[in-house]
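Going by the order they are written in, the chains are A, B and C; count residues from 1 in each one.
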Amino acid sequence: MAEELIRMVNITKYYGRVRALDRVNLTVNRGEVVGLLGDNGAGKSTLIKVLSGAVPTTGGEIHIKGRQIEMNGTSDAIANGIETIYQDSALVTQLSIARNLFLGREPVRGGRFFDRLDLPMMERVASDLLKQVGISKNIPPSTPISALSGGERQAVAIARAMHFDSDLIILDEPTNNLGVAETQGVLQFVRRARDTGHSCIFIAHNIHHVFQVVDRIAVMRLGTVVADDIDPRKSSVEAVERIITGMDH
Amino acid sequence: METQNLAKRLFSRPEAGPAILLALLIVTFAAINPAFLSVLNISNTLAFTVELGLIALAMTLLMTAGEFDLSVGAVFGLTPVLMWSLFNSDLTSLAGGFVIAVAIAALIGVVNGWFVTALKIPSFLVTLGMLLVARGTALYITDGFPQRTWSAEGEWLASMLVGDVRFGPLRLYMSLFWFVTVAVLLHYVLTGTRTGNWILAVGGNASAAAARGIRVGRVKVGLFVLSAVLSGFAGIISSIRTSAANPNSGTGYELEVIAMVVIGGTSLLGGRGTIIGTILGIFILRLMRNGIVMIGVPGLAYNIFIGAIILGMMALHSWLDRRNQSGG
Amino acid sequence: MLRRTFFGLTTALVAVIATGSVAMAEGKTYFWISHGSPADPVWTYFLDGANRWAADTGNTVNTSFHSGDVPSHQEAVRAAIATGANGIVSSSPDPGSLVEVVAEAVAAGIPIINMNTPDPTADFDAYVGSDLEVVGAGWAQYLVDKGLVESGDFVWMPVEVPGATYGVQEEAGISSVFTPLNITWEVTDATLDQAEIITRMSDYLTANRDKVDAIIGLGDLVTGSVPRVFEQVGIAAGEIPVVGWGNSLDTTQGVLNGYINAAQWQDPQATSYVALSLASMQAGGTPAAFDVITGALYEKDTAQVYDDIMSGK
């Protein structure tokens, strides 16, 4: 039976008078990829921001692995095993691949006082990851991110999430600016992440992409979840589109 | 093959341009007037260069994180005025005055940092306002009278900060030692520590850094404090060496320092910084001023030459940059 | 309600008039406007003279510094006129810069006295201070008379702010003596920042030491920096003759220690004091139709007098 990883209970978010999220209930189980769909303004981005710790909730609870968690910032989310891949990959283009990989979690050696970067270790790990991730021929880990293509950057971001053994990887429209081949690469990644024990929430505009890779689809409309266990094998793109736009009544 | 690769790597570093320029300057000036390389001239140049240099080192880190501090000149002037006012009115010992004055400089850094990170006002504007406050405070507490610093003779603090040592005809001030120490330290911080990675990330892509859990606000406030403290420290050193704590000292230093940092290769937009480059930039600007006097440029035409050389250097910089981008 | 408002307003009005007339009975208001920098040690003595005059006479003196900013200086004069000052004392930032505002003051019947930097093109009622051309010529003549320079020599003249009135007029006076004698000179820019001044002067002397036969410091900061500069460059006191302004403790000490041959005392306190007195005199009905010229060149034997004045003894 599916083991519950994340459970959001009655999550509500107001921006001033505007209600962006209205008592959202959503569960993600271990080892599953959940696709989160919805039209513009449905609340997907806001929900993701809440889950990744970027914005505080106005009401509701977040339970991770059965325990209720207080989310006060992005470092809390990361500490609880939630990694978010943003559209711009949260990568610093001037920095090297190695430094980006360990951004915010830099390994240090020597006494606390010195906080000396363990650069050799960082480069070794980065090298391995680059190979695993299948990024082109022999790019040294000290290369700045600016030398990578869009798809390669997303790959680095996802590899980063997988490397740090996050339980949940949230992908916020990761294929938006990518070409066909690169998109397939990212989708391949998501499957591999699931197969190695990570759960994912995958948000995309392109329903076809979602259908290719998720185990379950949830749909949001006007700040609330209107359907959350659509099986992509048993449903059709058109049916889901109708749910998204509200034309299913 | 090996040497070709090495040369290519060296040339693509941001410090390559300034290094070439510095070498060119030295060779040109020395050729026109060999006294340029005389021991006396070197001693004199080192004396003042390191004081501005300390400020430039701090500014390098701050600009790498994407912020500016225009109040450094005013803090340079205010801090010694505070120390000497306290000492001259017999309220504290010199060391006590030193501690209090530097603490106040640190406080100024905290205020700058708070306005920028909490109130989200651009650092350019915040520090411009602070410049006026600091300058005005210096004038107000001194009533316009510069503070006497002759009584520093024999004080241990004075020798520690500004004592001089003679190696034959070469005269080196202790401030050179402080400068070298700070330079080595900050270079290490920027390139080899976790904090340095944060500084680079904050300047390169602050939202990415925040998304990865880095405390962007704390990093920036810390750098504003560093900037103010080093400016104050430099001001104190200068006041002892020149025997004058003038509330007007340091006027205009902020722009000179920013020019040094930018010429050295640190990016105006943040995300990339080099202490080595800044050191080159410091010497380029200072040697330039010294050199044009040594080669006999008419007194009132100094600024024409300095401006022209700066423009020339920026052009060379951008040419080298473009060559590197296109994989030259 | 209307009655109470009316009553309140009247009371307020009466109160204002009452305090106003009390203030008027207590003394008049004069404006003292300087083109200098508030941190310039010279100007602090001028300011001191103005404050003493205020204390001695019981009048109010509003002082302001404008650091060479001409529009700001002109504004201040206009503000004084607008508030109906009893008299104005002002220095001149640039020759000709105050012609209009002085005319406005005269038209408004407000006495306006020129101090410190003379500008004969403006219609001031009187001038109190040195005659800078005479001062410059005096320095040049001193060097010649004492045999410290001769025909064909080269004199270095550092100045803080090139182009400002004081340097320009002094140079004119110097030229009148040096040109017929075929003595050449160069003016160089030192700025108002003490550390920068020492650096620039040291650089110049390092490069031109053999060329320089004498030095004339066109301002107090540069002249006062000579001992420190000589020390940095390794020039002994007296090795190169120096003459210039002497209105700071740095310069009196420089003269006493043999670095500076002679320095010019501007009588800063007296200049302010007498200028304000002339304004007051004219405000009271006696026209101030004459100039008062101040200043003396002092050497080692009398330098202590000025040192004591400035040390507050």
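Note that in this section a contact is a pair of C-beta atoms (placed from the backbone, for glycine too) under 8 Å apart; a residue touches a chain by one contact, two chains touch by 3 or more.
What you are looking at is a predicted structure, and each value in this text was computed from that prediction instead of being measured.
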Contact graph of the chains (line, ring, star, complete, other): line
Of all chains shown, smallest offset between own Cα centre and global Cα centre goes to B
Top of the farthest list for subunit C, CA-centroid basis, is A
The distance between the C-alpha centres of subunit B and subunit C, rounded to whole Å, is 34
Per the C-alpha centroid definition, the whole-Å distance linking subunit A and subunit B comes out as 43
Distance in whole angstrom between the CA centres of subunit A and subunit C is 71
Residue ranges of subunit B touching at least 2 other chains are none
The residues of subunit B that touch subunit A in their complex are 192-197, 200-201, 204-205, 207-214, 267, 271-272
Seen from subunit A, its contact residues with subunit B in the complex are 52, 54, 73-75, 78, 84, 86, 88-95, 99, 102-106, 108, 114-117, 119
Contacts from subunit C onto subunit B in the complex sit at residues 37-41, 43-44, 47, 65, 162, 186-189, 192-196, 198-200, 202-204, 206-208, 228, 232-234, 249
Contacts from subunit B onto subunit C in the complex sit at residues 33, 35, 38, 40-41, 44, 47-48, 51, 138-139, 142-146, 148, 238, 241-244, 246-252, 289-290, 293-296, 298-300, 302-303
